[in-house]
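Read through the structures below before going on.
Each of the two complexes below includes chain A, the first together with chain B, the second together with chain C.
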Partner chain A sequence: MKIICNKSDLVYGVQTVQRAVSTKNTMPILDGILIEANDNKIVFKATNLEIGIICSTNAKTIETGSIVLPSRYFGELVKKLPDIPIHIETNENYSTNITYGESSTSINGYNPEEFPVLPHISSNKLIKIPGDLFKNMVKQVVIAISRDEARPIFTGILTDIGSNGVKLIGTDTHRLAYRSNTIQTKLEMKEIIPGKTLAEVSKLIDNEEPVSISFDKNQVLFQTENISIISRIINGQFPDYNQVIPSNYSTNVRIDTKAFLQAIERASLLVRENSQDKANVIKLSISGEHLTINSNAPDVGRLHEKIPAFIEGEDIIISFNSRYLLDVLKVIDEEEIYLQLTGSLSPGIIKPVNQDNFLYLILPIRTV
Partner chain B sequence: MKERSIIHVDMDAFYAAVEQRDNPELKGKPVIIGGPDPTKRGVVATASYEARQFGVHSAMPLREAYKRCPHGVYLPVNMHKYQQASKHIFNIFQKFTPLVENISLDEAFLDVTGSRSLFGSSKSIAREIIDQIDKEVNLAASIGISYNKFLAKLASDLDKPKGFVVVSADNFYEVVHPLPVKRVWGVGKKMEQQLRAVGLKTIGDIASASLFSLKQQFGLAGEHIYALSHGIDNRPVIPNREAKSIGRETTFSVDISDRDVLYATLMQLVEDVSFRLRNSNCWCQCVTVKIRYACFNTYNRQTTLSQQINLETEIYSEARELFDSFYDGQPVRLIGVTLSHLKAEKEKQVELFGWENEKKQALAEAADRLRTKYGKPLVVRARGIKKD
Partner chain C sequence: MEESVDKLLLEIQELKMQVYALEEQNEALRKQLYDKKDGGEGLDNLMRLYEEGFHICPAHFGSYRNRDEGCLFCMSFIKKQNLTGN
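Up next is the complex of A and B:
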């Protein structure tokens, strides 16, 4: 393989696929980035076997071929190269010369034949979503997923596609985020996509460019013009989320998003030293024309905040994990939200006042 | 280290004393708590001092007690009543120091080192405590005062009932060294025999024995008893001692091999332990079932769960599964259930897909409130009712 390319294309390709490289691999080849030189195009590939990323950029191909280079060294090197044409040429024994001007570095690579083949997905189960919309949807849902690999379903996001459009649902069983959007499609399907994958895709794609998503039996493929991301799908039965979303409430609070967020942020500072997950339990008292927040960490101090709010229905006192409130308030762009409650042990609903397509369920904390 | 002041309070014949207090006719009579019918099987939980004169002591089979004291008054265990009294007593302790370590319903350590500047010497604090227990709860206690837990406990036991013994650095050798080795914390029957075999009969003997050979023979325990025999015990008084396990077992009046009766008993035990578990705001992650067959062979089986539970139904299903896994159909003399890996949680995150559980939790709490108010047997699960 022999190619010439400029620094920015090289950095773009390497940094894009590097997100799939895991440092904890048992197989050394998975530390590597596969580079394939075709006709005036080079393709970078990397995978940790959970997710695979493919990125193509422009280059001048003098001799086609391929090589696997260790991501750790090659990735760091390209970032530090001067901004001049860069020549990459492989020798026998997979040693590779990277030449820039009068200087060069040689890096030992691996046999490209040993690199795992990323599955080819060609499926007619395909949907296209604008990049900015996709990013916004994922951002609002990924906050609710679990990191606990013991229950894999909850580390994923249910992607429910039908004639009404796309719905994304994430939950860790303590809260649930639901986001929908009307998108023209004939596709009907429900799959659980790893939350990590969706988060990565969000980071990699452009706002302006649509992303196409296609499914086969066990895999999902995200594609833009230059980037393809392949991921496994999580097998299993996602619980019926419709059943747990309450259809009515006894208290409705309308409150300024920012004021509420800032108060919760202050309340979260008083984290109890002895609490297990360093999450603070805060108590909301809703009565009259105010929402009152009380947070009490005996070893640190106490907090009392009073925020004006428009309140309909019954007075209520309810406790929440402050982190769960913070997570959702950070991803709502609307100025005002509704907080809808039905008793201190039932799920509360948070949704933007002027946005119908997002809803967050938050389960309270039972206090003795 | 500053010399500490530790008080050990040990209630005298607690269960029996509570019964005698509530029924003046029993005063001066031999009262034996353990079961209403001494011709049936069971063990003595507590014997009043009057009964002890006939050689009746706790943990003795009821029938043996009956042989020694046929004219005694035999009463069932009324735990609810003893718990009430105990709670009252512990509230009194709290007035004098927050450093109260509850050992059981009728026994506690108090570290009053810092309280002396407020309430006077440890002796006067102890006198005040006995006074208040006498006035408010109308019960008697024995007191041991010393500079560590081991000696305080030893002291409270030296002059029962209504004992009041102080072990200080001044009288330590005189009081403690002549005592038999079995008085040392951690010396059981077996170790006592082994110590005797090498000529160590008293605590003083241990103190003058070679630390090296004690360690060689008994390992860490040897080092431990050596330190204790020199009056060294640095264990702190740990307040609000959290229970490590909650257990209950029962001996049948006749050996049982009817599975239905065994299941019913298992449910009763589960109801008791899960009630106590919830009462202490705890969840458990480990369930143990114990079976003792008529031949006295005893087996324990336990299971560790992936999550914490506290409901009867959940605990019963684990206990039943365990029971079925090793019960061989032979007649059973005793069964027991113990919950361990306890975790206290005042605040519990509600689960989204666990609505059934929330309802059950509320049901359990409602039942618990009834039990607390009217005594335990008021609300029972049908599984715990035995057919006639």
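Up next is the complex of A and C:
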């Protein structure tokens, strides 16, 4: 393989696929990036066997071929190269010369034949979503998924596609985020896509570029013009999310999103626990024309905040994990939200005032 | 003498029949009572399991859960059972 390319194309290709490079050193070849040169294009590939990323960029191909180079050295090197034409040439024993001006570096590579073959997906189960919409939908749902690998279905996002459009649902069983959007499609299907994959895709795609998503039996493929991301689908039965969403409420609070977020941020300072498993409890009292926030940590101090709110229905005192409230308030762009409650033990609903397509369900914490 | 024995036998026969009838009735009542108790106890047992820190939702029945925080699906399951029970 012999190619000439510029630094920015090389950095773009390497940095894009590097997200899929395995951090666990189980197979040395998975620490590598496969580079294939053909027809004045170079294709970069990397995989950790969970997710695979393919990225193509322009280059002048003098001799076609392929090589696997260790990501940790090659990836760092390309970032530090001067901004001049870069020649990459493979020699015998997979050693590769990277020449820039009068200087050169030689890196030992691996046999490209040993690199795992990424599955080819050609499916007619395809849907196209504008990049910015996709990113926004994922951002609002991924906050609620679980990190507990012992229960894999909750580390994924249920992608429910039907005639009404696309619905994304994420839950860790303590809270649930639901986002829908009308998109013209004839597809009818439900699949659980790993949350990590959707987060990676969100980071890699452009706002202006549409992303096409195609499914086969066990895999899902995300494609834009230059990038393809392949991931496995999580097998399992996602519980019926419709039955956990309450259909009515006894208290409805309309409140300024930013004021609420800032108050919760201050309140959570005192009760912040370092452990992810521990709940950071804050108490909300809803009465009259105010929502009062109290947080109390006997060793640190206490906080009391009063925010004006428009309240309908019964007065209520309810406790939540502040982390769950912060997560959702940070992903709502609307100026005002509704907080809808039905007693201090039933799940509460948070949704933007003028947006019907997002809903967040949060279980209160029982305090004695 | 013979007559009084016959009378006694007849009386015993009647008492026997009465005992059978009572036993039958007793069994039916017991069954009724047991069925009623079983329904209530089942839900109580599930609630106790949940309170002790186990999932009772169909997806993760019996697996350990964090007791500090509830499970949306267990709660909705309890609610559903309560509604169908009433």
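Assume the second predicted complex is superposed on the first by the 360 of 368 C-alpha atoms of A that agree within 3 Å, B and C clash if a C-alpha of one lies under 4 Å from a C-alpha of the other, contacts with A are read in each partner's own complex, and residues count from 1 in each chain.
As a convention for this text, contacts are C-beta pairs under 8 Å (C-beta built on N, C-alpha and C of every residue); 3 or more make two chains touch, one makes a residue touch a chain.
In this text the structure is predicted, and so the values were computed from the model without any measurement.
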- [ ] State whether chain B and chain C clash or fit side by side on chain A once the two structures are superposed.
- [x] clash
TODO: Would you check which partner chain A:R151 touches, where first means chain B only, second means chain C only, and both and neither mean what they say?
DONE: second
- [ ] Give one of first, second, both or neither to describe whether A:G52 is in contact with chain B, with chain C, with both, or with none.
- [x] neither
TODO: Could you say whether A:R366 touches chain B, chain C, both of them, or neither, answering first, second, both or neither?
DONE: both
- [ ] Could you tell me if A:T173 is touching chain B, chain C, both of them or neither one (first, second, both, neither)?
- [x] both
- [ ] Identify the partner contact of A:S319: answer first if only chain B is touched, second if only chain C is, both if each is, neither if none is.
- [x] first
Task: Partner chain(s) touched by A:G13 [first = chain B, second = chain C, both, neither] - done: neither
Open item on the list: I'd like to know which partner A:Q237 touches here: chain B for first, chain C for second, both or neither.
Closed with: second
TODO: Kindly classify A:P347 by the partners it touches after superposition: chain B alone (first), chain C alone (second), both, or neither?
DONE: both
TODO: Using the touch definition from the top, say if A:P112 reaches chain B (first), chain C (second), both or neither.
DONE: neither
Task: Clash with chain C, by chain B stretch, listed 274-282, 328-336, 346-354 or 364-372 - done: 346-354
- [ ] Residue by residue on chain A, keep only those touching chain B in one complex and chain C in the other, then list them.
- [x] 171, 173-176, 239, 244, 321, 347, 361, 363-366
TODO: In the complex, go through chain A and note every residue touching chain B.
DONE: 150, 171, 173-176, 239, 244, 281, 319, 321, 345, 347, 361, 363-368
Open item on the list: Going by the contact rule set out above, which residues of chain C touch chain A in the complex?
Closed with: 57-60, 63, 65-66, 68-76, 80
Open item on the list: Which residues of chain B touch chain A once you look at their complex with the stated criterion?
Closed with: 281, 306, 346-355, 358, 361-362
Task: Residue numbers on chain A that touch chain C, as the complex places them - done: 151, 153, 171, 173-176, 237, 239, 243-244, 277-279, 321, 346-347, 361, 363-366
